[in-house]
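Beneath this line is the structure, given in C-alpha cells, with notes to follow.
Every chain is named by a letter (A, B, C and D) in the order it is written, and numbering of its residues begins at 1.
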Amino acid sequence: MELRPGPEGLRSRLFHIIFESDTPAAKGFDIALIATILLGTAAILLDSVLAYHQRFGTLFDYVEWSLTVLFTLELALRIYCLERRSLYLKSFYGIVDMLAILPAWLVLVIPGSQGLVIIRLLRVLRIFRILRLMEFVGEAQLLLDAVKRSAHQILLFFLSILMVVTLFAALMYTIEPASAGFSSIPRSIYWAIVSMTTVGYGDIVPVTALGQAITVLLMLLGYSIIAVPTGVFSAQVIRSIRAERYSDEACPGCGHDHHEKRAYYCLLCGTWLDENSEDPRLAEDKDADTDEAPPATDT
Amino acid sequence: MELRPGPEGLRSRLFHIIFESDTPAAKGFDIALIATILLGTAAILLDSVLAYHQRFGTLFDYVEWSLTVLFTLELALRIYCLERRSLYLKSFYGIVDMLAILPAWLVLVIPGSQGLVIIRLLRVLRIFRILRLMEFVGEAQLLLDAVKRSAHQILLFFLSILMVVTLFAALMYTIEPASAGFSSIPRSIYWAIVSMTTVGYGDIVPVTALGQAITVLLMLLGYSIIAVPTGVFSAQVIRSIRAERYSDEACPGCGHDHHEKRAYYCLLCGTWLDENSEDPRLAEDKDADTDEAPPATDT
Amino acid sequence: MELRPGPEGLRSRLFHIIFESDTPAAKGFDIALIATILLGTAAILLDSVLAYHQRFGTLFDYVEWSLTVLFTLELALRIYCLERRSLYLKSFYGIVDMLAILPAWLVLVIPGSQGLVIIRLLRVLRIFRILRLMEFVGEAQLLLDAVKRSAHQILLFFLSILMVVTLFAALMYTIEPASAGFSSIPRSIYWAIVSMTTVGYGDIVPVTALGQAITVLLMLLGYSIIAVPTGVFSAQVIRSIRAERYSDEACPGCGHDHHEKRAYYCLLCGTWLDENSEDPRLAEDKDADTDEAPPATDT
Amino acid sequence: MELRPGPEGLRSRLFHIIFESDTPAAKGFDIALIATILLGTAAILLDSVLAYHQRFGTLFDYVEWSLTVLFTLELALRIYCLERRSLYLKSFYGIVDMLAILPAWLVLVIPGSQGLVIIRLLRVLRIFRILRLMEFVGEAQLLLDAVKRSAHQILLFFLSILMVVTLFAALMYTIEPASAGFSSIPRSIYWAIVSMTTVGYGDIVPVTALGQAITVLLMLLGYSIIAVPTGVFSAQVIRSIRAERYSDEACPGCGHDHHEKRAYYCLLCGTWLDENSEDPRLAEDKDADTDEAPPATDT
C-alpha cells in the first residue's frame, strides 16, 4: 500500500519529509510529531486532575487548540502531497489521523461533547506508525497466527467459564446475605469474576462458612485453569515456530508434504524437490565424478 | 447417537426443523430458541436486582411463565417427533431440557422452592447444543486428552497444596490474634487459599511481623508453583499435538512404532508400511525404469 | 526398601493386613485407617472454632484420646510385625507415624504444649501412604526431574526478585508517608511482595502520585516475570518427556548417543545397537533370503 | 576479565585471599564478608523500624560506621593488590564496592543525605560475587537468550497494554463518580493496572453497574493475556534448548544447515561432515573390512 506521489517538486519533497524517515528533515519531522503527540496526551491526562485543571486549565486549553490546529494543518499537507487520497483516508492510520482532530472541532459545533476525551486519546495510536511499529507487527505475525489457531479453543474456554461463573454467582446469591454485597445475581457475577481471575478487590467478600468454602473452590478453579489458555497458547506458538521451518509442498515422488524448507531431497523417497534446478546426482552420473559420491553409490 | 425418525410426514418435518439447521425454517427455529433462552436468562438475572424486581417483577413473572409453557411445548414436540425417545431422555441434553422446565412447575406444587433459580439457569447449557458447539468439542478433544493425561499429576499437586495450606493455616492460627480474623483453623485455611491463589481479598490480613513473614513465604510459594500445572499442561498439549502427527502402528520389518502418519517406508529399516498397496521399488525393479529411481537403486 | 517379615504365622498375617492391601482384611484395615485419620483431622479443625469448642469440646477430646490410643496400638503392631524395625523407624513414614502420636502424649508430660496442633495435623501425610500415592510419585518423578534441572535457574530468579523487592521497598519507604502503612523497610518489603505476587490485600496501599507510579512499575514487573519460571519449567517438563523416549547409550559404531529407546540401528552409521541379539542383516546375507530384504540390498 | 597481580609476595597473597576462594584463608575471608554484609543489611532494615531505632539506634549507628570503615579498608586492599586497577574500578563490581561505602562518607560532608539508604542497600549485590553466582549466570545465559529473542514481541505487548489501559481508564473516569476514587485519568490508569495485573488492592473499586461490567472485561483481558508473554517465553526457552543441540554449519555436500552437533553424516545427502577427520567409509573400502560394514556396503 505504498502511496507515493509523482516527482513534481514541492509535493514530492513534502511526501519525503512527512511519510519517510531517511533524511535529516524527515527524521526531525518524525521526532517533532512524537513530541507533539506526547505533549498533547500529557495535557489531556493532567487536565483531568482537578488541582492541575484549576491552576493550568487555560494553558491546557491553549495546548489542545494549538495541537488541533497543527494536526489539522498536518492532515491537510498529508492529503495534499498524496496522489491516491481516498486510499489514505480509508486506511487505518488515515482514520486515526482524522479522529485525532475531529473531537476538538466538534466541541465548537456541539456544546457539551467534552466526553470525547477518549477519542482524543486515540492520537497515541499515531506513535505506532512513526516508530515504524509495523516492523514489530511483522514479528507479531507469529503471535497472531497462534492466537488465530487457538481462537476456537479459547472461545469455548470463555463460554464454559461464563457458565461456571453464572452458576457459582447464583449459588452465592442464594447462600450469602445481601448485606455482604451479594445483593443480586449480576453483582454476584461481578464478584465471581473478581475472585476467579484472582483480582480479589475485597469490596465483596463471603461472610458465611459455607460461602467461604464455595469461594475456596472457585479460587482454586480460577488459579488452576489459567493453565489451560496458557498451555494452548504455548503449544500454538511452538507450532507456529515449527511451521516457519517446514514447507507444505508435496514431494512429486511420494507425495510426502512435511519437509524442511531447506530440504533438496524428499526424506522418504529421495526424489529431488527443487523444481528450479537439476538433481546434482544426475550430473554426477554423467561425469562419473565419484570423489564426493553420496554413500549409496559405492559400486 | 443419531436419533432420526422414520419418513412419515409431519413428524419427519418437525424433526428437521427442531433437530437440524440446514433449512430456513430450521435456522429460524434455532435463532428463535437462542433468543428465547437469552431472554429468559436475562429475566432471571435482572429479577434478582431488587430495584428491577419491584418495578418489573410482574413482567418477569409473565416472561418466566410464558417461557415455561413454550419450553414445555417444545419438549413435547421433541419427544413426539423422535423414535427412540428413551435414548433422548437419558442423553445429556435431554436431561438439561427437562431441568429447564421442571423448577417452574415445582413451584406450583411445592411452595417456597424459589431457590431452584440455579437449576433454571442451567437452561443456558441448551445454547451449547444449538451453536453446534460439539464441533468445538471436537477441537477440545485435544485439550481433554491433555487434561486426562496430566490428571494424576495435577491431583497429586492439589493434594500437596491442601497439605501445605492446612499446615500454614494451623501455624498462622497459632501466631496471629483472633481479632485479625484468624479465629479458627478453617477460617485460616480460607485465608491461606485466598493468599496462595493470589486472590488477596484483604478481609483477613496478618498483623504481626512474624505472621507477615510467613505470609511472604506462602505468597512466593503460590506465585511460583502456578508454574507446575501450567508447565505440565503445556507439555501435555504439545504431546497431544505431536501424537496427532504420529501413528502407533508397528513396522512389520523391525517393529518400530513411532512413524509419521504420512510415512510410506519405515524410518529404521526401510520396510514398506502401507498394507493396501505394493512397494513401488518392487515395481521399478521389474520395469527396469531407472529414470526416476530412488537413490538406493544405483545399478 | 521392602520390609517383609519371615513367614511365621501371626506376624506374617499382621504384616499382610497392615502393610499390604490385596486381601479383604487388608483393604478393610486401610479404609478404616483413612476414615480414622480424616475423623481426627476434622476434630482438630472443628475444635479450633470457638462455638464448636464450647459445645463439643469434650467430645473432641474423647476423639483425640481414642485416636491417640488407637494409633499408638497400631504403631506397636507395625513395629512388632516387622523384622528390620530400625529401617522402618528411620524411614519417612516411620517418622510421620511417630509424630502423629507424640504430641498427644507430650501434653500429659509438658503442660501447655497445645501449640503442637500443627504436628498433630502431620497425620494427614499418612493418607499418602495408604492411597499408595507412591505410584503417583512415580508419575511425579518427571516433575521432580524438571524441578531439579530448573532449580539453579529458579534460585537465581528468586535471589534477583528479593534484591528488586528490597530496593523497591526502600524507595517506597522514602517516598510514602508512614501513615499509609510504609512505616519501616521490612513492612515495605511485605507490601512489595504482596504487590509483586499480584496478591494485593489492600491493607497497605500507596497514596502519593509518585508512589502509585512506582507501584505500577512493580506490578507490571510482577505480572510479566511470572513468565520466567513458567517458561523454564515448561521447557524442562518437555525435556523430561523427551528424555523418556531417548536412550543415552552410545553407538558402538560411531559413538552417537541420542537414539530412541526403540531403535535397533544407529541413525547415523547404521550399526546394530542391541547387544543381546544378532543383526538380522547378517543372518539374511547367509540365508540369501531376499524376499523381505532391506531397501539397500537390491543386488 | 581476570585481574591477576604479579607474583610479588604480600600483594600476591592478599590477592589470593580476597579474590579467590580455594584456600582456607580465602574461604574464611569470603564467609566473613558475607556475614558482614548480611549484618549491615539487617541493621539498615531494622533501623527503619521506629521501635528498634529508638532502642538500638546508637548500636545500629556503630554497626554502620564499623562496616563503613571495614569496607573502606577492604576496598583499599583490593585496589592495592591489583595490577590493572582502573579495569577493576570501571567493572560492575568495582562500582558496587564503591557505592557500598560512598553514602556513609557523604553524610559527613552533606548533612541530610540519609535518603541514600537505598544505595547503601546495593551492598547486597556484593553477595552475588562472593557466591560465585556468575556460574549461575552461565546457566542463566539460556534465559537471557530467550528474553532477548522475545524482547521485541514483549515490548509490542506492553505498548499495546498501555494503550488499552489508558483507554479503559479514560472510559472509567467518564463513567464512575470521582468519590469512588476515579478522580482523574492518571489515578484511573493506576486503578486499571492494579486490576489488569490481577493485583486488586481494592482501594479504588467501581461502584456503578456499568463500571463493574467494564471492569469484568478488563479483568478477563488481564487474566487471559498473561498467556501471551508466557507462551512466547516458553517457546523461546524451548528454542534455546533445541539450539544448544543443533549446529548451524552447512553441509559441504548439499548446504543443509540444521544438523545435530554430534552428527557425522549429513541427514539429507550423506556427505561426511567432520572436517578434521576422514570418512571411515572410504577407509573401509580400501581395507575391504566387511565385518562391521554399514548397511549400504553389502557388495
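Keep in mind that, in the parts below, a residue touches a chain if its C-beta (ideal position, glycine included) is under 8 Å from a C-beta of that chain, and two chains touch if they have at least 3 such contacts.
If you want to know which protein each chain is, UniProt gives these names: A, B, C, D = Ion transporter.
For clarity, every value in this text was computed on a predicted model and none was experimentally measured.
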item	value
Residue-number overlap at the chain A/chain B interface, same or different (half cut)	different
Repeated interface matching C-D, over half of the contact pairs identical, chosen among B-D, A-C or A-D	A-D
Farthest chain (mean CA position) relative to chain A	C
Where chain A and chain C are represented by their mean Cα positions, the distance between them in whole Å	40
Chain B-chain C separation of Cα centroids, rounded to whole Å	28
Contacts with 2+ other chains: residues of chain D	186-187, 189, 198-202, 222, 226, 230, 232, 234, 238, 265, 294, 296
Chain D-touching residues of chain B, taken from the complex the two chains share	198-202, 230, 234, 296
Complex contact set, residues of chain A against chain D	44-46, 48-50, 115, 117-118, 121-122, 124-125, 128, 133, 136-137, 139-140, 142-143, 146, 154, 158, 186-187, 189-190, 193-194, 196-203, 222, 226, 229-230, 232-234, 236-238, 241, 245, 260, 262-265, 267, 292, 294-296, 298
Sites on chain A touched by chain B in the complex	152-153, 155-156, 159, 163, 166-167, 170-171, 173-174, 183-187, 189, 195, 198-202, 205, 209, 212-213, 215-216, 219-220, 222-224, 226-228, 230-232, 234-235, 238-239, 253-258, 265, 268-271, 281, 294, 296-297, 299
